[in-house]
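In the two complexes that follow, chain A is the common piece, with chain B as its partner first and chain C second.
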Partner chain A sequence: MAYKPQYGPGTSIVAENRRKQMNPGQKLEKVRSVTDEDIVLILGHRAPGSAYPSAHPPLAEQQEPDCPMRKIVKPTEGAQAGDRVRYIQFADSMFNAPSQPYQRTYTEMYRFRGIDPGTLSGRQIVECRERDLEKYSKELIETEMFDPALVGIRGATVHGHSLRLAEDGMMFDMLQRNVLGEDGIVKYVKNQIGEPLDRAVAVGKPMDQKWLKAHTTIYHSLVGTAYRDDTEYVEYVQRIHSLRTKYGFMPKEE
Partner chain B sequence: MAKIERSQKLFLKALKEKFQGQDVESETAEFYKFNGVRQSPRKMEFMKASRAVEMDRGVSMYDPERCHLGGIPMGQRQLMTYEVSNTGVFVEGDDLHFVNNAAMQQMWDDIRRTVIVGMDLAHQTLQKRLGKEVTPETINEYLHILNHAMPGGAVVQEHMVETHPGLVDDCYVKVFTGDQELADDLEPQFVLDVEKLFPAKQAEALSAAVGKSLWQAIHIPTTVSRTCDGGTTSRWSAMQIGMSFIAAYRMCAGEAAVADLSYAAKHAGVIQMASHLPARRARGPNEPGGIMFGVFSDIIQANRKYPNDPAKASLEVVGAGTMLFDQIWLGSYMSGGVGFTQYATAAYTDNILDEFTYYGMDYAKDKYKVDWKNPSPGDKVKPTQEIVNDLATEVTLNAMEQYEQYPTMMEDHFGGSQRAGVIAAASGLTTSITTGNSNAGLNAWYLSMLLHKDGWSRLGFFGYDLQDQCGSANSLSMVSDRGLMGELRGPNYPNYAMNVGHQGEYAAIVGSSHYGRGDAFCYSPLVKVCFADPSLKFDFAEPRREFAKGAIREFMPAGERSLIIPAR
Partner chain C sequence: MTNAAFPQVRIVPIRMLKPRTAERLLNMLAGIAGIRRMMIHGPGLPKKVPYGPARGSPNPHSDRRAIHVGDAEIALSIQVGEVILEVEDASVIEEIRSHCDGFFVEFPYRLQEGRFMKTAPTLVDYAKYGPDADTTLIGLADPRNGEGPVVIRKEQ
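Moving on, here comes the complex of A and B:
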């Protein structure tokens, strides 16, 4: 029987959202549109319209060794072209931002190919070939995994995920890469590493609290769903821990 | 698990002081209006000092307004002060970097410059091999000579250079024994009197463990161990011990028996505070990476002073341990710079870990009827997996909820590693104190980490992926190369060797299992007695208070050089 992933335990809306984001069989809801050029501007790795710098010649132009793995694994578009490996990094507010660091990593591992994610408490990075990155970034920004106010695209100086929100509802960013305009639309005025952009890039209106609470993947007893209330989830973690503890003794099956 | 009511919030006073005029439960705040680093008196002081240095040396230095992110200085949000937990003293974060804090430096100096050396082997050599008489009078005479020689006074030889007593005033030797009759016969100035220094029950246990043996608690000069290293301590001490025996017992300087005395002082009779480390982390003995957690919990003396508050005793170990293992060991010996400090300070500032831990105490009392204020092995709960899971889960969930209910506290512990260390520490301490079993406490730590990671979908920095997500499997195992009793683990234990935010807490989890039982010591009765010494520069019964004194510049350290440098 083929393995069927369950994408984690839990009976709460948070657990449900986690499973939905991870499950590549479920289409993520598109919430906003950001042009390809604007994605390139936010990422800050190359000028829009410029050629992709390459780390090696296209695979078709170089002698590939006779390797069975290379025959099995189809290279991504970026790998095929010999693109550099570049990154996008997100900071997610703990006040109900729709995705969160480990959740992003799990989701990306299920949905994307040829990636190298890294997970910390205040940021989550995913690295991959540049043209693959631009495609993945578009999905990560345009869908329900993103909120213009509570998710920051930040290469460095990422601090903000655990802080109180600014009075306009924006997550703190000491570089103020993205600002809430008087028209209610959030605009990036600096790229993810903090270099000023020639023109502002709009990423849409912040989602309201009701939407955030219904779409978030973090437990939060004050503004969202209490972890304690999802007993199935807590008991599942206890079970994992107990089994790991037991198998530290390397018990023999009878 | 079932939440219990606890109206006292130990962290509230600190939060209100830190965020003056603000609602500490509010989810919003003002940013970008604090004038950057200029909001901090300490950073202003740094800038002024730097200008003076630059004028003097002609090379640029501290320039936070230009160097930080090309002109955006830190301080776009409020730069908070911190209360050193349980002291009422508020300090700036900078004051808790060990470079800026003389008490922190002295705590480590006092450990590194200490060895314990047995006298029994030497006395046997003198009595059996040389036929010399050893009496309380000869021991007193020897100790008088040794306290001349140990700081750097010459004996036996002519025309020797010596050290200035004013530079080495922190160096001395005292002795201790479990034989009260012998202790009473020795000059009080030289004796660590177990009966006077410890509560009666602890004194009885320590005296029985030490027995009739006589031990020297030796502290070489701070200046020496700083100029050299921890490996010097036993060598410096052994040289002066050998010379003092020759002088006190009128021995021939070159006779073969001297080799026996030297061997005893250098090897056979020496208790180092830390073992040496393997080549990839090469350090000699008496350096932080080699201190076993059981030994560290004996070095810290809070359970001697507060025998009826195992939580406080453990929290003092957390403070001291995070300072030594995170700030000094991992933060400077093994890494460098300034980033490690705030991993550590989270565990000993603003009474946050204190509150989480006392919640655990209340829970253990409420659910398991553990009278934690009267520590005894009698009411400890059997550490089944079910009970460990229950304690760790409840303490972890409560701590997470507190961070959620008080957004300013979340902002205080702004990094996931800070929160992870503190929450898991409270879980581990609660479980250790409740069960009296250090490995059960460690196991609780790891469940806490897993719960935390899944609840908030984040934990600490990359390093937490390593030990905290595989720790469940090694926390109770004793299989060689996979597990070890908590008391025998240390900063160089395989999975523990590279992670900030863990080792001080582990040490406290180990200690708390003994404090919860009312034990007199965790691993070594000798170390426990040695650091009970009121003459030490650093008070090991009150590490957090000492750090606070250091932060407000009221701690007087040893090893100062003002006697031999131009007046400023």
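Moving on, here comes the complex of A and C:
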């Protein structure tokens, strides 16, 4: 029988959302549209319209060693062109943000190629070749994995994911990269490392509480779905915990 | 510093306050008789980017601005997350509670009683203010940023 991944346990909506994001067979719902130029501005790695700086000559122009792996694995577009490796980093609020660091890494590993994600408690960074990065970033920002108020694109000074929200519902950001305008649309006024942009980049309206509760991948007993309510998930985690503890003692089968 | 004879309370709203709301809240509290000392607490909003590739460049932030409480001007350098108060006696706490119940209508808050202010000068306080420092002022301001507490005078 062919192996079919289950992606994760759980019967709650949170578990379902986690599986949905991870499963590359499921198309993520597109919620907003952001232009390519806007993505380049937020990332701040190169000026919009400029050529991609390269780290090495394109693969077609250089002699490659005779390697069976290179024959099997097709290089990504960015690797083929010899692009630099660049990054995007997200901070997700604990108040029902649509994604969270571990979830992002799992999702990206299932969906994207040629990436190097870094997972931390309050932020998640993904590094890859520049033109691949822009393509992936667009997908991460335009789909249901992003919320303008509760997800921050923050290259540095990420503090805020575990803090209370501001009065207007925005996650705390020491550098105030994104601001909620009077028209209700969130605009990025600085790039991800905090340098002011020449023009504000609109990323759409914050989603409402009902949508967030239905699309979040975070358990939260006060504002969302409680972890304890998902008995299947708890049972699974307890099983893993028990097994890894026992196998720390290297039991021998008689 | 904390004097055990005086009760302390902490106002913790469920949302972090914008400067305008913080100004209204503090002015409301300044009108209550019997509050000895007051401290606002929350995450900092630095004037310059503290770290990362843009370190040292200016950090414009709409919430870092001056507010007016009573006759005093306070330069906010934080996002107000909670207000810690030291009061004369327990009756003042009830007055604060009744005022806050009327104030926080759009989102809830909690009023907690306990010990929230410094009980002894730290090494940094000692290094900054010396051995003869005024103990009533210690703990009210961050000794490292060089700005002292603000005195709000009440009209007699």
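Throughout what follows, the second predicted complex is superposed on the first by the 248 of 254 C-alpha atoms of A that agree within 3 Å, B and C clash if a C-alpha of one lies under 4 Å from a C-alpha of the other, contacts with A are read in each partner's own complex, and residues count from 1 in each chain.
Note that contacts are C-beta pairs under 8 Å (C-beta built on N, C-alpha and C of every residue); 3 or more make two chains touch, one makes a residue touch a chain.
None of the values given here were measured: they were computed from a predicted structure.
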item: Clash or fit (per the criteria above) of chain B with chain C on chain A; value: clash
item: Partner chain in contact with A:P251 - chain B first, chain C second, else both or neither; value: neither
item: Which superposed partner A:P196 touches (first chain B, second chain C, both, neither); value: second
item: Partner contacting more residues of chain A (chain B vs chain C); value: B
item: Contacts of A:G25 with chain B and chain C, given as first, second, both or neither; value: neither
item: Partner chain(s) touched by A:G49 [first = chain B, second = chain C, both, neither]; value: neither
item: Contacts of A:V179 with chain B and chain C, given as first, second, both or neither; value: second
item: Partner chain(s) touched by A:P68 [first = chain B, second = chain C, both, neither]; value: neither
item: Touched partner set for A:L163, first chain B, second chain C, both or neither; value: both
item: Where chain A meets both chain C and chain B, residue numbers; value: 157, 159, 163-167, 172, 174-176, 194
item: Partner chain A, residues of chain B touching it in the complex; value: 1, 3, 26-32, 69, 72, 74, 76-77, 385, 389, 393, 397, 400-401, 404-405, 407-408, 410-411, 413-417, 419-420, 443, 446-447, 450-451, 453-462, 465, 470, 472-477, 479, 482-483
item: Chain C contact footprint on chain A (complex, rising order); value: 155-157, 159-160, 163-168, 172, 174-176, 179, 193-196
item: Chain A-facing residues of chain C, complex; value: 13-18, 21, 43-46, 49-54, 57, 59-63, 79, 81, 106-107
item: Footprint of chain B on chain A - complex, ascending; value: 18, 94-95, 100-103, 118-122, 157, 159, 161-167, 169, 172, 174-176, 194, 217-223, 226-228, 233-234, 237-238, 240-242, 244-250
